[in-house]
Every structure is written in structure tokens, then in C-alpha cells.
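As written, the chains take the letters A, B, C, D, E and F, and residue 1 is the first residue of each chain.
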Amino acid sequence: MKISIQINEGPYQHQASDTAYQFAKAAIEKGHEIFRVFFYHDGVNNASRFTLPPQDDRNIVNQWAELGIKNADGEPELVVCIAAALRRGMLDESEASKNGIDGNNIHPAFRISGLGQLIEAGIQSDRLVVFGD
Amino acid sequence: MKISIQINEGPYQHQASDTAYQFAKAAIEKGHEIFRVFFYHDGVNNASRFTLPPQDDRNIVNQWAELGIKNADGEPELVVCIAAALRRGMLDESEASKNGIDGNNIHPAFRISGLGQLIEAGIQSDRLVVFGD
Amino acid sequence: MLHTVNKSSFERNSLKSCLNIIDDTSVILLIEDGVISAAKNTNAPMIADLAAQGRVYALQGDVEARGISSKLADNIKLVDYAGFVDLVVEHGTAVSWV
Amino acid sequence: MLHTVNKSSFERNSLKSCLNIIDDTSVILLIEDGVISAAKNTNAPMIADLAAQGRVYALQGDVEARGISSKLADNIKLVDYAGFVDLVVEHGTAVSWV
Amino acid sequence: MTTKKFMYLNRRSSFGTVYAIESLEVVLIAAAFEQDVSLAFIDDGVYQIVEGQNADGIGMKNFSKTFHALGDYEINKLYVSAESLEQRGLSSNDLMPLVYEDEDDDWAEKPSVKVVSNAQLSKIMSEQDVCLSF
Amino acid sequence: MTTKKFMYLNRRSSFGTVYAIESLEVVLIAAAFEQDVSLAFIDDGVYQIVEGQNADGIGMKNFSKTFHALGDYEINKLYVSAESLEQRGLSSNDLMPLVYEDEDDDWAEKPSVKVVSNAQLSKIMSEQDVCLSF
């Protein structure tokens, strides 16, 4: 089955991203396709390549990156909502340079895009599961 | 009076930072001293200089920065918990270079420090008020 | 003491928990979604006695933002942010039921 | 449908809201702090009937993390993450009471 | 394009968290996809469409007027839980008068908001293909 | 240095949010400041010190054992709401056997956890100078 996921919360503060990751991993192991993971609200903070958790703790961003969720064209399907991201200081190279910010922090396994990608995930997938606070 | 503030949540997702800001502003206007604002948990995300809210919305990071809360030595007293910050990808120049990350995102009106600064704020201040989810 | 409650008593248990612990001299300030508990509704009895004693405050900006200015329960005292600061100064230790 | 509830019924109203709306054929999966409602406690009656019908699941990892494995209420079915995926596949539209 | 039934589940008030405004942003985008869209307001979510919200005093953006735009995008199924309203001492008179023009009825102006029982909401929810929770 | 009475108010369980572990991190740091430290466990906060937590299945770090270190830092006032325990079908036997060595009593090992009524908690709370909520 094609399954998509919406994540409303950032890493560490709430269990939402952890649960969603375990769910996604289990779905892939069972042979399902994760069509898209859409990071919305504080969920956009899961895409930060700056995170440095303690050595003895999980690295939530890397866990997501290592799942390697991509589409047929090889594009990442870990999608970060652009409006929510800009509001919270999550920038890719293009948004940073467009806005004159001298840095960017989106992990390359994620991509920034619009809210339409969430609706599209709902249309294209057999199931959409929301994780939040 | 000397008043300190602890903020447990990031900008935009919860009202905590907005309320804390309005409270701090009112306290200063009434002649009180804001001894320190300690940003803990997701509160560390209030310190991102990358945030780009929509034109018609408030810029929470800049609002805090403009309050200009500093100590007698001119150091910022908007203090970001280092452990919580690293976990969530909030880095200053020093932490970034120490950890081999090619960028940093802490606004210069804030500084990173340890949890002892929260305890110290509790000791040194007449009041400590917590804002959270 | 000053107890602040920032969530609706319909959504969370924080007001109830605060009321379980609050002593006879402390006051409550409802802020953010906590002001929903200041409206005339089925949860209003929770704070009616305290309010009658003049010990329940609500943040005016939050009340107006939620469109409940005309529906406040009896004896709720409205304060602005400056009034919030005064409550913190006057009532000693502040306890946040976040 | 599959309804997921991720918060304790002592802290929030989400389980109660879910129970107000759930239809006769849907099932509930308790996850994260939602599993607290799967323990034998004063809130257990809320889901006792549904559980007796075999319609209440709880995520095993979350149950173990909260130290309540030996205190589960009757008729709660434990699933792992693979079981969570199966529930999503089998029960159609998923509704999260976040 | 496939047409699916999307429900947007709103259970929180307007300003305490960002969910209300960011939910509305999704709904506005959703309009472009020509799907069947319903909004459900349950629990404190009913406060999102209460008339007379004024955010001046808290320094936040008042987005509640944006709900009036939904009718223009043919989003006209806003279901409000009667039980949630009642618990909160509210009635349909306290809600914003949101309307749409019905193209099947000579563009007559009709109310978008329907106050329904939890039992009715249950039935409406069970007909959905996708439920987005905020 | 001034000595003040600090209370750490814990109302959430261990893993659903980060508050529990990050609260414990503050408490450990606080030990170095030689203040009077109390911890209150109310509502679902009581689950933080329940015996037998096992986080292997959720991929998170199990920090509950760290509570055993508190005694070594002379943090030995852990107040647990009796009403909160009872509502949750728990008793003091379900809690971790946290202890400290009492230097005023020939280093005798004593329990750090005290189950108290809400009325007693109210009194303890009213004696505090600072209350940090998590």
C-alpha cells in the first residue's frame, strides 16, 4: 500500500516524530511504500542538519535521512512545508540566498515545498496518518 | 524588582513566547529589571536568526532582540540552554566550529550557556515566571 | 502565591490540578487558552467560589482574542500585561501549571 | 476507521472526544502517553465496553516504556509497530486525535 | 484527478497554538485541488469561528476573518459539534455568519456552517477518505 | 550564596514529551548550587518514578535510572501526590525505591520518596521561593 505521513511536532520535545519514524520503518519492512512524509508546524524542525544530540541518544534527523524515502526520480520525499519552515528559521540554500541570510540548515535528505504537497499526498496515497502533540 | 523568565516553547507553535514577551515588555515599562530570560526545551528555537515570518505577522525573534535585555557588562541576558540547543540544531559560531558544522543560527542578541544559568536566575531574582505549553 | 493556568479546562487537567493544590491565600491568573475557563460555561462552577472571593484574574488580551468578553462568568477580574506584572510582584512565588 | 489517541486521558480530553464520535465499527489504538488509558485505573471504565468488543489496541513499546505492562486493563490488545501498520492498512481512514 | 473526501479536524482555539491558522492555510491551498472538503470544529475548535475575536491585545495576527473567504473557494461544509458548543455556553448565534453562493440554486447565498450532533459528525467522519488533524 | 527553596513541578510522564528528562537535567545541575531542592510529582508526573520502565521498544533513551543518582547529590525530597497515584491505580510499592544516606543519622539509608496528600503538597508548595514547571 502507499502510505503518507504528516508530522506536526519537532524532534525531542514530543514523541510524535519518534513514533512516526518507527511506524514508517515498520511499514517499509512490511513491503509498503512510504509515498511522502510531510513535515508541518514545528515538524519542520526535524529537517535541521545542525542537530547534535548527545552521543548516547538517538539522532532523529539522521534516522529519517537514513530511511532514504525518495520518489522514482530520486528526489527526497521527506517534504518540509515552506511557509512553516520560513517562520521557524528552517532554510535551504535557495531560500537563504533569496532572503539574504548567510546560512542554511535543511538536511539534504529533505526538501522544502508547498502545502500542496500535503494535499497531493492525501490524494495519491491509500492512507495518510497524522502524528502530533 | 528583579524578575527572570523561563520559556519552554518555541516561537509561533505555542503562545508561550508571545505572552512572555508581552510580560517582559510590561515589566520593563513599569520599571522592573528583567534579570534574565532563559530559553529551555523548544524555547531555544526562539533564538534563530534565520526566521522569516510573513510580512504581516510579528517577528518574535526580533521582538526579543529589540528588548535589549543585557547585564551590566553589556552581555545579552537572553540565554539559550546549550544542551537543549545542540539537540535541536541551534548553534552559535563556537559550537558550530567545535562540532564541524558549516553554519550557525543563533541571533547575536542571545547567548548560549548552561543550565546553571537558570538556577542562578532563580537565586538572584525576586521572581521567576515560567511560560510553556 | 500566584498560580497561572494557560490551557482550557475543557482540553487539559491543569486548572483542576491547580485547584487541588492551591492554598487559601493564593490567587489564579488565567492566560492564553486558560481564559476559556473564565467564560460562562459548564466548567464555570470549578472556579465560582474562588472568583466570588476575588481570587480569579484573567488576561484581558486573551479574553478579547477568544471572543468571550461579553460572556465572562461572574467576579472574574480582568488585567492587562502590566496587571500581570503587578500580580507577580504582589503575590510572591509564581507557579505555572503548564 | 482507525482512531489513534496519543495523550493520557488524565491530562487531556482527546480520548473522551474520540469516544464521543467513534462509530460502531471503528477501532482505537492507544499510542505514546495514550497508553496510560490502557492501565487499570479510575479512567478504565471509559473504554471497558469497547475493549470487551476487542476494539482497543495499545502500542506495546509505549506500554513497556511507561512501566504498566503488568497493570493493563482487561481485553486490551497489544501490537508492535508492524501491528500498527496492519491496523492502518486494514481499517481504512486513520483519524488522529492529536 | 481522483476526487477524495478530505476532512480537516480542528479541536483547538485560535491563538493558544499555531494549529488553527496553519490548518486554515492548508484548507485554502486544498481548494485548488478540487477535492471534496469538510471542516469539523470539535471541542475548543469551535472558538475558531466565534464572532468578535480581537487579537490586538496579544500582539498576534487576527486571521479569523479569513474564514469568510472559504465560501469563494467553494468550501462550504463547516460542521460544528452541537455538544461542544453547548458545553462552552455558545450557540450558533455566536458564530461568524459564514456563507457561500450556491451555483446550483441561482447563486443564492447560503450558510456554510452547520451545527450537528456528535452522532451526525460520526457519520460524516466515517465517509471520509483522508482526515488531517490539527 | 543565598539559599532558596526550589521546587521542581513534574506533571507529565517520562517519554511522551521531553519535559521529564530535561527537568531531571536541571535538578542534577541544581545540586551544585547548594539550594534547598524539592521535587513534586503530580498527575501523570508520577509515572516518571514508576519502577520497571523499559524504553527499548520505542527507540528512546531510558533515563529513569538516573533518579537513583539524586540521593548522592543530597536531593532527597521527592513528594508524590497520593491522589494522583490512587487515580492511576498505583501505590508506593510501584515506585522506584529511591534512597539517600542521611549524614545526620550516621549515614543511614532512608527513602527519598514521600507520598503526600494534596493538602500536604499545598503546604509544601506554599513554602517555596522558586517553582520551576516542566
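What we mean here is this: contacts are C-beta pairs under 8 Å (C-beta built on N, C-alpha and C of every residue); 3 or more make two chains touch, one makes a residue touch a chain.
In this text the structure is predicted, and so the values were computed from the model without any measurement.
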> How many links in the shortest chain of touching chains run from subunit B to subunit D?
Replying inline: 2
> Which chains contact both subunit D and subunit F?
Replying inline: A, C
> In terms of C-beta pairs in contact, which of B-E and D-E ranks higher?
Replying inline: D-E
>> Among the chains here, which has the CA centroid at the largest distance from subunit F's centroid?
In response: E
> Quick one: subunit A and subunit D, Cα centre-to-centre, how many Å?
Replying inline: 26
> When the centre of a chain is set as the mean of its C-alpha atoms, what distance in Å lies between subunit A and subunit C?
Replying inline: 38
> Taking each chain's centre as the mean of its CA atoms, how far is subunit A from subunit E in angstrom?
Replying inline: 27
> Among the residues of subunit B, which are close enough to touch at least two other chains?
Replying inline: 8, 12-13, 15, 19, 22, 41, 57, 83, 128, 130, 132-133
>> Residues touching two or more other chains, restricted to subunit C: which are they?
In response: 6, 10-11, 13, 32-33, 61, 80, 93-94, 96, 98
>> Multi-chain contacts only, two chains or more: what residues does subunit E have there?
In response: 11, 15-18, 43, 58-60, 129-131, 133-134
> Hey, which chains are touching each other here?
Replying inline: A-B, A-D, A-E, A-F, B-C, B-E, B-F, C-D, C-E, C-F, D-E, D-F
> In the complex formed with subunit E, which residues of subunit A make contact?
Replying inline: 6, 8, 40-41, 83-84, 114-116, 118-120, 122-123, 128, 130, 132
>> Could you list, by residue number, the parts of subunit D that touch subunit E in their complex?
In response: 1, 13-14, 17, 20-23, 25-26, 93-98
> Which subunit F residues qualify as touching subunit C in the complex?
Replying inline: 9, 11, 42-43, 83, 118, 121-123, 125-126, 128-131, 133-134
> What does subunit A use to touch subunit F in their complex?
Replying inline: 12-15, 18-19, 21-22, 56-58
>> Taking the touch rule as given, give the residues of subunit A at its contact with subunit B in the complex, in rising order.
In response: 10-13, 41-42, 45, 48-54, 57, 61, 83, 86-91, 95-96, 99, 101, 103-105, 133
